[in-house]
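Paired with chain B in one complex and with chain C in the other, chain A is shared by the two complexes that follow.
And then the complex of A and B:
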């Protein structure tokens, strides 16, 4: 299995810069997920790794060998495409065997390998079918089977689950993860779905506009988003944000927003007091907001715009102020109506503090959760 | 009550069908039946009312040297034009599939012969094939090639017709193949490329089989065209020399309008209809099943 390194990998198309100097280290047996909104360059990055797109500058190194000018077929990688890219006129067997036939592998070995892959992926009974006779999940498995028999150093997956329905997606998600762990395969997986990224990756790479925003374990990225974009992108529903000016009101640090004075600390001696008089951006995850009582220190009143009951949880949408719509995920069933007033608790320790201008996360010693 | 309702609904159905039906009956079914009827009659300018002769017309045609020659010519013409124009069209489409400025110009110029009426095409090629001062003669002189009496020799007249037809039709068929290629998703090629498949292998194992539906469609069009387009014969050879370029449709025309032999023309038409029917049956029942759509 392989260890892959991207050094300042760049893709310049004639009219725009798709991927801007990406640095990334993929360790042997690691499951790395590239995640970001559409157009962020994640697929282009994967295609450069695969050799389907030329590299404008930077280095692509696999196990110490520079691959920039190596043809895709000699890179020892296998790719699973979003559309599966199955050959429609060939049976499942022929589809999986295609690459081996190209490489003129002995027929008996081909049969053996295909059957082995079919067994792993539970395709044994489908080997004679054509792709047109398969369900989406089965097609997906065939595409993975085709990659499996290649025994590649690195598996590349380009949004492999996006054509499946929600239920099947959840199932295939754990199947792929399980398979990856069983094979101890190095895998690079592209998705726009932050849930896939969170649940599957050993390491996630959040991208935006061709640039890497943050690399890290899913939990670390969730707990310490490096900027507003990552905070809003990772986590569902997305993080709530508001801006305000930090002020010191008789020893209390407060964030003065349009309509609320949010208490951040009773201790004026913390590091954050350096920012008094300056603008700050705070982010609060919906699932960390709790129901408050009127008169409570950290409770604030808001007007409900909508309520969605998701079973045992409820999503409450409310107006934070004129410019910011917030939501809260409360554990239990609530039936607030539009226009109702709700009291919610915003504890300082759940707040993420960002610089208002750069939208970058402030260093750890400024964060309120550290106290 | 119920019956009346059904009748009313059916009436609407037939009314909608009527315009198409009128023309089909007038120009297809009636002439077909009339031809079948006339093929059993000795009917010409002297006997416009016709005399029943049973299968005599068929017997005559099967023994007629000219008819046999015409059938043979048509076979040669089909064999000469159909596979070559299909292969050429497929080749051009595969080569020009990528959208670039040059390819767009190439496509336009390859398609251009299609928009010229066949009679005009025949005139262009009449100039090319002209002995002594034609375009080919000058070209041959320049390169030191032997001059060929294209339209004057029994040997060369059929190749001349075949070349003209391929020139006229390949660009038209190319359009169908370009459309067929558009339907093959690009990911398939990327996947094959990652597997290390060469261009030739990809063409043989992926492009060609996936183009089969288009190829079949084009094959049927090319084959029927080889039987039903004879405009150029009027302009260039009138079937000569010595019936060497005569095709079945022109033969039917000659019998009906030059010789006034309605019975024989009708009989040849019936034979032609049967042959075309057989071709379409083969298409739908044999080839169709072996092709992946």
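And then the complex of A and C:
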């Protein structure tokens, strides 16, 4: 398997810059997920790696060899497309064997390889069927099978689960991850679904407007989002934000927002003191908000706008202030009605502190959490 | 829900279809019945089939070189089909998938050809064929039809519907452009190609004016021209029984083909969006 390096990789289309100087190291056997909203440049990056899109500038290096000018067929990479790209007039066997046939591989070897891949992917009984006779999940497996027989250095996957229903997507997610671990394959996976990114990747690359926002292990990105965008994008439901001016009220650090004074710390020696009188941006994940009691130090009252019961969890939507709608994910079933008042606890240690102007996360020593 | 209005429309359209079928089938049945009648019984009632005879077919076959006309027609139709399908497939792929300078202008020029009636081109085409010294050859009949704006347009539209990922996936697997065209695009365009083969084939089987203009000799004449010469000749001398027998020689292969391939005929037109 291969080790891939992207050095200042850029894609300039005639009218816009799609990918802006991306640096990325994909280690041997690593599962890297490129994640971001539509139009962030993740698919273009993958297509540049695949050789389906020319590279405007920068270097693409696989196992020490520069691949910028190498034809896609000679890059030893295999790609699984969002639409699966299965040829409808060919059987499953022919689809998987297509690449080997055009490369004029011996027929016996083709048969052997296809059967091997079919066994891994549990497609043995479907080899004579046409793609039109397969379910979404089976089609997906055939597409993976076609990539598998190529024995590539790097597997590239472009939103391969987006055409599947939610249940099947969950199943295929774990199947792909298991397969990657079994084969110890180097895999680059593109998705706009942050749940896929969080659950599948060894490393996730969050992108926006053609630029990399943050690279890291999913948990690290979740725990320490580098800016407001990453905080809002990674995690479901998204992080809540509010802005306010930091004030020191008799030794108590508070964020003065439109309607609330949010207590951040009682510690006068905290580094955040430097920001007193300045604007700050605070982010709180819905799942870190808990029910509070009126009168509790960290409890605040809000007006409920909507409640969604998700089985054993409830999603409470409420008005934080005139400009910010927040939500809280509470464990248990709650049936608050619109207009009800709810008391919720916002403990300082669950807050992420960002610069209000740059929206960048403040350094660790300014954060209120233990880390 | 079926309203009274719907029912009236349904009955009216069915009646129209039946009427049209009669308009189409009566001359055909009449011709067939005449072809099987003794020459003296031609005017003896519309569908009088007493005294069936094959004599008219024997006479027609002996009086005119229908064998030679068949061979010429088959060569011309197959020749046009083979070359036209190859040129159309290649041009359609280029217009659908390749990027080259002036592609759009060139395509518009091709489309403009669709608007020019074929008859307008008879004189200039004749001049070119004559300049090449090809008058009275089978190639002269075929040459103007080796490329067709209609076929190119139709195939280009079909090729454009093939997802681009098929190309990309195949390219990554090491397939050449030729591989992609022959193994992916052509098989996927089968319904359109079948529809084209049937329309182009039947058009050229029945084509009359152009072959009449550029052919003089028996061995280069297709069936349509041969029949016209035969019906006007002294041998047939307004012998309608022999002439209709000769006419059946012309239309019989198409009729049989239609009866056998009726389903494919209709399906392919539906698939190709030609209905």
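Just so it is clear, the second predicted complex is superposed on the first by the 369 of 371 C-alpha atoms of A that agree within 3 Å, B and C clash if a C-alpha of one lies under 4 Å from a C-alpha of the other, contacts with A are read in each partner's own complex, and residues count from 1 in each chain.
In the analysis below, contacts are C-beta pairs under 8 Å (C-beta built on N, C-alpha and C of every residue); 3 or more make two chains touch, one makes a residue touch a chain.
Here the structure is a predicted model, which means the values were calculated and not measured.
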Chain C versus chain B on the shared chain A, clash or fit after superposition: clash
First, second, both or neither for A:130, with chain B first and chain C second: first
First (chain B), second (chain C), both or neither touched by A:103: both
Touched partner set for A:78, first chain B, second chain C, both or neither: both
Common interface residues of chain A - those touching chain B in one complex and chain C in the other: 50-52, 72-73, 77-79, 81-83, 85, 87-89, 98-99, 102-103, 146, 150
Residues of chain B touching chain A in the complex: 185, 187-188, 190-197, 201, 205-206, 209-210, 292
Residues of chain C defined as touching chain A within the complex: 163, 165-166, 168-176, 179, 183-184, 187-188, 190
Footprint of chain C on chain A - complex, ascending: 50-52, 72-73, 75, 77-79, 81-83, 85, 87-89, 98-99, 102-103, 146, 150
Contact footprint of chain B on chain A as seen in their complex: 50-52, 71-74, 77-79, 81-89, 98-99, 102-103, 130, 146, 150
